[in-house]
Structure formats: C-alpha cells, structure tokens
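Naming follows writing order (A, B, C and D), and every chain is counted from residue 1.
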C-alpha cells in the first residue's frame, strides 16, 4: 500500500501515519518530493485498511498494490490447478465440455439433452433443478425431483452432474446428489452461500457476477477457499454493459487475465453471454482459442418448448458443428478433450 | 406482447403463431404490412413467454409491452403507499431520515452515532450487525451481539431500528430485534432471501443492486410482495458504470421513475453512492429536490476509526449542514419531516 | 508518479529506473519493503510517461497521482471562475438558465420558443442550426439560415445565443453569429474542433461525452484552454450505462466533483439525460440543489411537430412549474437568477 | 414501426394516429386488444419518426422494428463484401493482418516495425502520423512528415498504408499519401469527418466508438456509404465498461453480430482493447476463431521508447507466436492469408 500525502501535509501528519502503520505491526518508508510526500507501507494490507488512512489528516489518497486475495492467488501458487469432478479433470492440459439443459423439465427431456451433450463432446452434465429467475412468475425448477432426475441420467450415461445451488440452506441437499455445485451469476455476492459451498465437500463452479469485476470474482472464490475448499472452477459468462444487441457482453479477455492472477481453472459459458443460438458456435471457438480450460453449453432437444432460455439452446443440427470445432481446436491449443470416468471410477483424459 | 414476423414468413407460419396463442388462452390480431406482418397478443403474457415465440419458424422478434410486475405496480394501485416502521411513516407526504453507523462496533459508538442521527433529523436508526463484505478478511460485523446493541440504543433513544439481513436462515433472528429488515445491494438478486423477508412480518428496505436495472429492482420487490408483504421501501444507492471518480454513480433519475412505475416509497442513500464524505451533503439536497421520500445516511462519531466505510461517514461538523438542508427543503417539497413515535407507540409526522 | 517494482526485481533494475527518471530531469526515491520496492517520482509527469516505465524490466506498475490537466485545475486557481456570455454571467453566485428549441426549424417556432424560455427564467437562448444526428437520414438542421434566425430572435428578445458547432471548418461562421459556441457530447473527443473553438474568441459550452469520464471531460476543456480560451462552461448531460429506462443516466455527482477539481462553472442539461418530458422538472430541481451553476432546457411550442427530440421538450404548461422551482431554489442555494443584459450592453444578475 | 396505445386511449386518438400515418404516405393497421390497442405501421419509418408519435395523445410507446441503416445492411445485400486496399483484399475468404507502430516516430523505427509486421504475416502497414490524444500535452504525431515516412516505407516494403485522419480538413492531404483512411474510436461520431472520408475516394477503416452500440457503429458506416463510398471495413476495438483490469472490454460477440447485420468486412484490434502486451496473442487467436476477417496489431522495435501506447506493442519475441497462430488458424477457418500485391500492382491472396 502506498499513502500519498497532500501537498500541504505537515511533518506531524506524516509522522502520525508512520506511527499508525507501525502500531498496526507494519513498516513505513517516507519519500519526500518537491510538492508531495509518499509513504510506502509494508506488512498486512488488511490491517492497514482498518486504519482508514484515506480519512487521516494530510492524506490525499492511499493506493493498494498487493492483490487482496491469497489462497487462490497465483502469486503464492504458481502452478495452475487441476480440479477433479467425479473423476473428470478440469485444468491446463485438458479441455472439458459441460453441457445439458438450462432447466431439468422431465426425465425424457434430460436424458435426451444428455445424449446431445455427449455427442457434442461433453464429459459433464449440467442441468438446473433450482432456478433463480428474475420474475417470481417464471418457472422455478423441479427442486429435489429434478435432482433425482439428474442422478438417474448420470447412472444411465456415466456423466457426472453439475447443478446450481441458490440458497445456503439447500446446499447439503444438492450436494447429496451432485458432483459439482454451481453458484450462479446473481449469487456471486451471496456470501452466506459462498461460505456454505466452501464447507460442502464438493467442487464448485463459480460464475462471475454480471456486474462484478474480475477482482471481485476472485474475492468471491477466496470466500469459498477460506472455508477450506480449493476445488473451484471459475466461469466467465458475460458482463452487463450499455450494449443491448447481446444479452450480455462476453468478457473474453477475462479468461487469460483470471488465469494469470489465479491458479484456478477458468471456463466460458457462451450460451448465456450471447443469449442467441447463432452466437454459441463462434463464441465457443473464441473461448477455446483464447485458452479457456473448458466450456459450458445449453442444449435442449426441443428449444421451442424449453421452460427456460430456449432462445439460446443448441439443437441437434448444431451439435455436430460444436463437436467438430472442439475436436479441431483442442489439440491446436495443446489440450486433450476429457471423457467421463469409466464405471470403475477412474477418471480419464483421452483424445476423442 | 407483439410478435414481429420475418419478411419471408409464410401464411402457415403466421397461422401457427395465432393457433399457439389461442391454445394458450389468449387472442391474436394479425396486421399485414407490405414487407412484414405483425401479430398483437392479448392475454396472459407469462403464458405467452412460455410459448418461446421468438424461436418459432417465421418469427423475427417478440416484444413485451406490459410491465412484468403486478402487486407493486402503480397501474393497479394508483395511490402511492405509506409504509410504517415502528410507528414512523415513509410515504408521499413526509420526509424520513434514516441515519446511523455503517457497522455496529460497540454500545458507545452506536449510541453516539444515534445521537448524531437525531441531531441530523433522523427518526430511524440504521446500523449493520451482519456485514456482507467483498473480502472475507474484512470486518464482518458483531452478529447477534450487534442486534442487542441496536435494541438497547432504540430503548435509550426511541429510534426504531433498520438493520441488514444477509441470509434467509438469519431472517427470523434479525426480525426478532429489528423494526425494518434491509436487503443490501449485493443481495437484491438473492431470491431465497427475498422470499424469506416476504414472510417475516416486518417492513423491508430493498436496496437496488448496483448492476440491476430499475425493472429488475421492481421485480425483486415483487418477489417480496408475492409472499404477502407489501411493506416495502425502495432505496436507490448508485449503479456501477465506467466512471471511477465516484464509488458508484447515483442514478437520481431512478427516483421519479420508480415512483411513477410503483406505488412503493423510494428513498436515496447518498453515502454509499458517492463513497466520499464531501458528496453526502450535495447528494442529499439533490435527493430531496428530486422528490425522494427519505434519505439514509452514514454517520460515525470517529470515522477515522470506523471498521467499515469510514471514508463516507459524516462527522459532527457535517450534521448541522444536513439538518439545515433537510429543514429547508422538506417544506419546499410539500413534506413534513417525520419524528419517532412517542413511547406509547403512536407514530407521528410533525414539523421539526 | 509511483513506480511499483515486481517482487523479483533486481537491484540493477531498480537502479535503471532511478537513472531513467533522473535523465528525464526528475528525482526518484526508493522505498524497500519486505516483498516489494516502491520508487516515488518527483518532477514532470508527462516526461515520465514518455519513459514508458510500465514496460521496463522489473516494473509491475506505475501509478499517476497528480492531475493531468493544469490550466483549468483548481489546484492552481482556487477561486471559481465567472464566465460572461453576451453580458450574462455564469458562475458561483448566480443561476443561469439556458433554454430554447433543440433545433431551429423556423423564425416563428424559434421566437415562440424564446418567449417560453424567457417565461421559464432563461437569460440565454439555445437552439441548433447544425445538428449532429446518429442517422444520416435524420433532420440535420437549417445551417446558416438557422444562425440568421437565431440572430434575429436575439435582436427581438435580447437573449444572447448559444449554438452548436460540429466541425472545425465551420467554427468561424458560427462564431460570427453566436455569443457562445456549444461542443456537443459526440464531439467532446473531436480534438480538431476543441482546438478551433479554443481560438475562436467566444465562450464555449463543453458537453460531457456520454462515454467520457470526468477526467477526460476536464482534459477536453484543457485542450480548449491550451489555445488561450479559458471562457469555458462545463455541461453534464448524462452518461451511457446499462440502464435503458432513461435515455442516459444523469451523473449528478459529477457536478460537485467537477467544481472541486476545476475552477470552471458547471451546468446541467436535464432534458437530454432523461430523454423524457416528465423527468425534466425533478431533474432540474436536483441540479439546482446539488449546486449546479445553471441548467440548459429544451422547450418547443409544439413538441408533437418537433423535428428533433420532441419527446423531451417542455410545453407551455410546464414552464410555470420550472419558473417556480427556479425562483424558490436559487435563493436557497445563495444564488441570484441572471437576467439578459440591457440593450446598452451591460450585463446584470438580479433577483427575479 | 409499431405504436402501442395507452389503455385509456380513445377512439378519436387512435383515429388521429391512423390519419397522421396516412397523411405521411404510410398505412396503419389497428389491432384492438382487451386492455390495449396496437397500431402497426407500414411505409417510410423516417417519415414516421418525424411525426413524433410517442408524444401524441393516447400513445404509450412507438417501437421501431426495421433496421435504420440501408446501404450497408445485409438485408438488401446478402453477399458479404470484399474490400480491396492497394490490391490487398479484406473479405470473407481471406485473413488480412494489418500491423505497424501506433505512431510514426522516425524512418528507422517505422521501417523496423514494418519488417516486424511482415514477419508477423501482415500485408498492410498501419502507423499514425496524426494522433488524437486525450491530453493536449501528449505526443500528437509527426503530421505530413509522418505521411512521407509511411510512403517511403511502402515503397521499400510493398506494404500498402493504413493511417488515421482526425479532421475533415485534413482528409485530402492524408488521402494523397495513404491507401486506406482510418477513422479512430474517438471520431466515430464526428459526422463531418465521416462525410469527408465518404467523398475521399479511398477505402475506410472505421473503428467502433468505445461508447457506441453496434447499431450506432453501423449508422456511422452508413454516413460514409451515403456519400458514395462503400469500401468500408469495420474494426472492433473494445468498449468501455465497469471493468478496469483491461483498458477496454473487447466485445468479441460484436464480430459475428456485425457480420450478420452488415455485408461489410469486420476486423479486430486486439492491441488497444486489452491495452496489455500479454493479452495480444490470446485475443488475436480469439478474434480469428470467432470469424474476424482480419486483425490489426501494434508492433514496435523498442516499445520502451515508444511515444504512444508502448505498453501494448508486440516485440520481436512475440512475432513468431503471432505468425504461428495465424498460420494455423487461418486455414482452419477456411481462409487464405493475404499477401501484398506484387510491384506490378496485382493483388493476391495466397497461402503463406
């Protein structure tokens, strides 16, 4: 942290800052300039923040320079992590496709979507049993019945299950069915939920809040990590901007950026960011080429009848294009497409 | 809802849309133009949304024209509502000031802040016992001990208490101490929490999400209302934009806009939007002049020692300026400054 | 400027930075911390920027701390400026209303609008002869014929004229008719135009770009000032955000902020920011209460026939409300409403 | 265009709308619903806009449904265009790399950068002689001397030249040296400049304004086209959002979107959007994979000494990585990497 003193700051005011920092267990170094004096701080930045240095007499500004997250930071953990989900790895040497319906509607629809997911190259099945919807009058999901459907489809297809949790109180129930817990974009700042999934003993898929900076996204991951769970996968899904031609603006630069700041894997959701079916294929290619560790895609056997986000779901005719793009781009990026673990429980990452 | 057909749409495709709408219990009217045909829909818009009309053959777009919230809409409830909090009214004829410390730190600090709040003209005391913080390493609040402090200060000062709930599981505990439950900006999309406060039997202060549109904010209020609780006050507190000179951008236009769309009272938080002490007074004046039904202000007896948001808290020297501004602007806007209810429990709105 | 060295920076790399800064005529102070070293720079920041310090070996970041504008900065000119437009002052002790039609359409319409402007309390007439429109197919203005209309209406009413320039080549022509040159929001970054109005010998009204930060707005003013013209008035008119319920989001906080950073007057355009007639009155009140030095308002005798922005123009019935609000709020803010200069050319600021 | 009447609209008000539309040469179709009536309009939308229908009695809203640009729209020109720049094609079957220094500083630096550009696979040389800078104190370019340097380097290397115009008055001068005129992000709304390049007889590279929607970007292209110049290439270069970790947010989705709405080629600038050297390679890969028709990249022989944007310029060591990525991805996307035309003036697109 660097404290910038006001031009008119007195020697006593500068001394007061130095004294405060030292009393908080840190050290301070004073640089006197012609018009300003700068105080460099060394030590625990959180302790310094608690001193409210910006409000002190003679202080113009205080600038943080160290990253505010630790456990998930690459500064302290240079190697990129591999997270295992039901035996399927997500990490720097593989490409993992997660696919499935936005919402679980019925056993038949979910199984059909899972078959589409497999055809697209997926090794993990996504599907929502609890849906956080903007309108209280929109479809809210099947609840536990939906979790049972997902478990049945997993038994049938061998695909481990990723599904959303929307409330701290429901984490244990969802964790008893799912292989990976998804925290959605609207809940990225739901700290009680972050803490609950941090203690749930399951890997977590943490979507970026559509109004959250990359730093806040990493801080949310730190909340989970702080409860002892470092099995976290970050998912970029678009941010809210002034542009209205797409549902959200996919922040493709956030992928290499987050990979540089954190050791956690980073995947992309090209379905929700664009919100339009015809954008899913080009955005999937862009995600793979930018270096994402995986993608998460909406598929639906009959999008016209979908109870949630049908506008963006891929249909049968699109699946082959996606599979081809993935098959070509994965090796080009030095990655092996993952496959679901064999029934005897051993995970695998093999060429398609 | 209006369905816009593609230029190349066939008669069969148009007929199919009409048939779908009628099968969903609605009615459809076809307008044929030279290059396009438009179908106007009458009936239950949510039922139409479930038809996924945008994905149907021959459809270019489908545009909603009716507001998607009902219980809180002014369309169905033209008179603006008055909400009573511990006997203190918030509504169109009064001006209500809520003030207090961002976080409850100690009995002494809270009582001193409450006295400042009273001096500023406040009739309600705010203070956080549970704090949602971006960093897991930041101060998280005193928890239930903080609630007890608030209750004690209420007993001492007569000021009803507004405090934040951050998790559905904690709503009953907070409701047992507080006169009004605050849902914070990061939780505006936490639907489990919205439903819980909807059933808690206490008025709710709903802050706008910093990444949420006015429509989404009203939809969040609808979630609460749908559980039977219409005692909701909306609070504009700034949105996230590209401008970095202020913490957030106070969307002052949202106040008259929300008052026009909903019958609920709308107040402004000038402390969190600007994030700078010197902006609190001008933004308070702007809020009153734009027609807000109240303001919520951070005060702290010693901002330099504040454990949360000290940069924006008012200090003793500012209080008189705020009280003067409120005293002058309230009557100008045709409003009476509210006072806390007398101890016998009868609320009152009287001139200062 | 502060240079933050990377944790692994060597002594040679640190010495290299110090040497570079000194060779550029500055001085550098090194603060060694446990994990990082910080170099504080004193001297000409622009010279330092040219050194590209961020790209140097061992450098993590370089942070500017001094404001990048000088002539318009309040740091070097503490008293707030008063700008005179055809004898009408705009400054800290007065309140100046600029009103008129968005576009000059005919002599009759312009004169009728000028009479409405006077009734609303205006002492300056606005009206566009050259209109920058997003669509090449939209109405582009009357050109020089429109300037002549404005001059005629000025002769008739005594109201000095504010009108827009949209191209450096057209500045001299417009300056030969107008009392004040307006640079519109889409041209705030048109540096050739800024330089041309800087040399035109007329006061300038500089609207904030809807995508520009407060700092960039002030830098645009610095471009004008650098050509020797310090008669600049800043106009906040709303920024582009994710909110679509209003045309733009009025950044009301930018008013006190810009007044604190620059000595130039700051006014507000409540018509273009909201883009809705019913928001003009509340936003005007908010602008006055936040401390703006003036407002600029669209009026039109027949908004339904307006060729430009009719949706936001005030009509006769609104004028009285605006005049009342201004009459009440001006003295409350310690300001005198300005009046046009008498025909003998002496400006005046008198109570209404 | 669709007009939505208010619930309380009378028959007379509806008839008035129909009459107005017919008097403007259009036709109107009325759909009566239970709570609302909708009027569908057929005819010239610009004529309808001039009627100010939103302000008419009984009208709730008026929604445009037809695209507001025509000449560049794909609706009327289904085949995607190929633009030729000094014999080098930019279009759907090729991949064109434009590279060079942000600013022309000297003959030696420009020639060295051009050699780097060639090594990276470039067939067009970029370089700024006139620089639009946010600060009046920053380096503004060499002016005409810089244009002569570019022409000399073109003679030496055979690379046609792309360079920026910043003022309508300077277009002829720049056009006398350059093969393609670049309109920068800050000038996208400078309509006088758009009209001037529309008449200059040279192909135009139109960068998207960082605060502009895709629709406004296309409208700016329409301004150029309306003057008779359809040789326009669109360049996505990042938009301004709340995210501060990157200079701008590359809106990668805008590429397929603009290609779908317009027949013009679309390229990407990965240097300015990220603003960080380490993001250029991943964003270049993403741009190619999403389907861009080309990329424009900053290179500099000595970024540490660059007078403009040195932080983002590629250096020698990066060039090979870029060339490899382009060489692999172009054929994968079904494209041939373009080469400069032979000296006898015949352009060519051949495999590398």
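Everything that follows uses one rule, which is that contacts are C-beta pairs under 8 Å (C-beta built on N, C-alpha and C of every residue); 3 or more make two chains touch, one makes a residue touch a chain.
None of these values were measured; they are calculated from a predicted model.
J.: Comparing centres built from CA atoms, which chain ends up most distant from chain D?
T.: B
J.: For chain A and chain C, what's the span in angstrom between their mean Cα positions?
T.: Taking the mean C-alpha position of each chain, the two centres sit 41 Å apart.
J.: Could you please state the distance in Å, as a whole number, between where the Cα atoms of chain A are centred and where those of chain D are centred?
T.: The answer is 32 Å.
J.: Using mean C-alpha positions as chain centres, tell me how far chain C is from chain D in Å, no decimals.
T.: 28
J.: Among all residues of chain B, which ones touch two or more of the remaining chains?
T.: Those would be 211, 240-242, 244.
J.: Would you identify the shape of the chain contact graph, picking one of line, ring, star, complete or other?
T.: Shape = complete; every chain linked to every other.
J.: Where on chain D does chain B make contact in their complex?
T.: Answer in residue numbers: 2, 4, 27, 29-36, 38, 40-43, 60-61, 63, 65-66, 240-242, 244.
J.: Quick check: in the complex, which residue numbers of chain B touch chain C?
T.: Going through chain B, the ones touching chain C are 211, 213-215, 239, 241-246, 249-257, 260, 273-274, 278-279, 282-283, 285-291, 328-329, 332.
J.: Could you please specify the touching residues of chain D with respect to chain C in the complex?
T.: Going through chain D, the ones touching chain C are 46, 49-50, 52, 54-56, 68-69, 132-139, 166-170, 186-187, 189-193, 209-212, 216, 219, 222-223, 226, 240, 277, 303-307, 310-311.
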